[in-house]
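Think of it as A, B and C in the order they're written, each chain with its own count starting at 1.
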Amino acid sequence: MDWLNALLQGTLLGGLYALFAAGLSLIFGVMRLVNIAHGDLIVLSAYIALSFGVSLGLNPLAALLLVVPTMALIGYALQRLILNRTMGEDILPPLLVTFGLSVILQNALLMGYSADPQNLQAGAIETASVNLGPLAVGVMPVMVFVTAIGVIAALQWMFYHTALGRAFRATSDRQDVAQLMGLNRAHVFGLAMALSLAVTALAGVFLGIRTAFDPAAGGARLIFGFEAVIIGGLGNLWGTLAGGVILGVAQTLGAKIDPGYQILAGHIVFLIILALRPRGLFPRIDG
Amino acid sequence: MTLTVTRRTRLSTAWLILLVPIVLLLIAAPWWAGRADLRLMGEIALYMSLAVLWNLLAGYAGLVSVGQQAYVGFGGYLFFALTMLAGLHPYAALPLVVLAGAVISAPVAVLIFRLRGAYFAIGTWVVAEVFRLSFAQISSLGGGSGTSLSPDIVRSLADGRDAREAVAWWLALGAAALVIGAVVWLLRSRQGVALTAIRDNELAARSLGIDIWRTKFTVYVVVSGLTALIGALIFLQKLRISPDAAFSANDWTAFVIFIVVIGGIGTLEGPILGTLVFFALRETLADLGTFYLIALGAVAIIIMLFAPRGLWGFLRDRWGLELFPLSRRVSGLAKKEA
Amino acid sequence: MPDALMSLQALNAHYGDFQALYGVNLTVEPGEVVAVIGANGAGKTTMLRSIAGLLRNAPEAIRWKGQPIGALRADQVAALGIALVPEGRLLFPSLSVEENLVIGGQLGRKGPWSLQRVYDLFPILKERRNQQSTSLSGGQQQMVAIGRALMANPELVLMDEISLGLAPVIIRQIYEALPGIVGEGLTAVIVEQDIAKALSVSQRVYCLQEGRVSLEGQSQTVPREEITRAYFGV
């Protein structure tokens, strides 16, 4: 029974990891860009929610209405002002620039907020739970998981049934020819990053509600998101959800064996899958 | 018209000649440098080694790793283990550390070479985390809080504090010389030309028959072994090791990357110049801590966007400078018609 | 004297250190079909890519209705009403046939061309509308590429080697459709290696040879030997 509970908790945790990963997956699909600062942007979202909460007295879930557009704007500006200049054949510039951004973000947060762990208080909902037969399921984790499914479904729908999605796919296929259609590549990439950071905002707020966070927490989040993407397979958003669930379950089961093994268990499962299925479980595109 | 291929330039010949007295001066440092200065020079030599190695990996082999701290920590921990738990003399332990670092990096390489580009980079980070979490489990080496190097080991290096400081410096200097020498030798060899070809155009290199995977694998293994050596020397200096210090991404990766980017990635002179600039900045600017990192990050980004070849790259492009005789020039061509 | 619809004035183009075009002069009047012929590497594709904005040039080197557009980006040039059917078709693999056509109309310019009309012109495309665009035959892909350009309702359409790699019967089919395409006041520049086809659909012809204009004349009257001389540069 304990194990069943761990399995359930791990699955729900997978929803959070899928949210970490969805933004990462989206911009890789559209721009072949991997943002090393992604985890730090998740943490930034949590801090922004914290500030909105403190200054406006908002519950973090309500603050989402402000945090999401704020992060989207930051994403658009970041892409157009800085990251667009790194797009090209060479892999070094985007990698090193986003790495530099990661260091800057972490230390700016450190300067602005101190190294003390913070928490987003969402009130009673944090501890509320529902009974599913013999299992007690937290309301928050279920909400996060359902949000993850909703976000991925929305992104899939957008990709395949809207003009914006068409623009993303075309630009990702052939940048030059997409320009011939009248699509401004710089703007399309900006929109993709804006969307990615909007999802990241969700991830950050949910993270902040669930656990304590501090300026250095970004690294681990990037790694979890990345592991979910690789396990699930590149270019497949539903695969990323599966990857997140596998990672979450691995971590929770590992924690059951010994609390110190939690993160390590996740890494080991990731490495095993990398060894046996290098392209992930449900790949759609190649790295 | 006869064509000859040369590698030497007037500047590189001058540099190599100048190098002799410089090296002699450095070897004699324990006699003219104060203790604090000697330690600083040792730190510079070790960071320079890490930078030169990282540059070989990323700037030449195209393997951008943000996880080299895995081998720094591994080298440090193995050194402590070999000397304190296995009773080996430090001088005997050091070469074993190189070997072990190379050996353990082989299966790691096989695994993470399945990833490409930025995913490869994050993969190296995962590996570093696995190393960190694993070593934190080893209670005989202090578990999560780490352990100190026992005084006996320290004393076995040499008699007397001054002698020990000198030995530590010579080890660091020797390691730096070994690393730079190894890299120069590698780049002048056939493997080196293959590397430069891979860096410039992987597809073309492959079509010329260059085995990309094997070349990258060799470089990764060699770099990791030498990085482990540097790690051992770093923690020999510090006398204490813990998982967070050993596998610190900030200390052993962020600073190193910034050094190489600012100095000039993809050239041998770049990381050397970058290390000197980095330490000059660090010593002259008072301890600004966090802000220093932000400033470094910003400078690195600006350089990457507007002067991606870094300081040395700029000097090289402007005036065709090259200190180490690495690139081949064809002479004897008739001047081009206007 | 009214401005030509589009004109090239001393257009130079470079790929890095390599110069591909040397001072090309060319004019296109509204409603006409101009053919540009030349051997491989003569610079024909470079010229079209320059006009379309994929290659940046000096602003005055390319004029559209008198205005300098040489330095504009490709998406800005498309917004002016210039559409390119690129060499090699270059369809979007992630998009279906219909999506490729629809994205051609991305800018929403008004005009006679619509999805239905493209399907009337090339009925086989309607049959395959939901298929992945790259699963079609070469000739069908060419139809999609042309349809995609038409969906933009352009004033000037540039066609780059639309017969390349296609079987003769398909080429004939496509060229038979051309008069119907350019009939309604649409201006066209057609780049071709097939000299006979090029002359058959155009009013005027230019020949490029190693990046320079070596011949300009009326398609129906220019002598064959002159073309051969200009084509091969002898």
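Note that a contact is a pair of C-beta atoms (placed from the backbone, for glycine too) under 8 Å apart; a residue touches a chain by one contact, two chains touch by 3 or more.
Just so we're clear, the structure is a prediction, and the values are computed from it rather than from any experiment.
Asks: State the pair of chains with the top count of C-beta pairs in contact.
Replies: A-B
Asks: Which chain has its C-alpha centroid farthest away from the centroid of chain C?
Replies: B
Asks: Using mean CA coordinates as chain centres, what's the chain A-chain B distance in Å?
Replies: About 33 Å separates the centre of chain A from that of chain B.
Asks: Which integer distance in Å separates the CA centroid of chain B from that of chain C?
Replies: Here the centre of chain C sits 54 Å away from the centre of chain B.
Asks: If you average the CA atoms of chain A and of chain C, how many Å lie between those two points?
Replies: 44
Asks: Per the contact definition, I'd like the list of chain A residues that touch chain B in the complex.
Replies: It comes out as residues 33-34, 36, 82, 85-86, 91-101, 103-104, 107-108, 110-111, 219, 222-223, 226-227, 230, 260, 263-264, 267-268, 270-271, 274-275, 278, 287.
Asks: Mind listing the chain B positions that touch chain A in their complex?
Replies: Residue positions touching the partner: 58, 62, 64, 66, 111-112, 114-119, 121-123, 125-126, 129-130, 133-134, 136-137, 249-250, 254, 257-258, 261, 265, 290-291, 293-294, 296-298, 300-301, 304-305, 308.
Asks: Tell me, which parts of chain C touch chain A in their complex?
Replies: Checking each residue of chain C against chain A gives 52-54, 73-75, 78-79, 83-84, 86, 90, 92-95, 99, 102-104, 106-107, 148, 152.
Asks: Enumerate the contact residues on chain A facing chain C in the complex.
Replies: Within the complex, chain A contacts chain C at residues 163, 166-167, 169-170, 172-174, 176-185.
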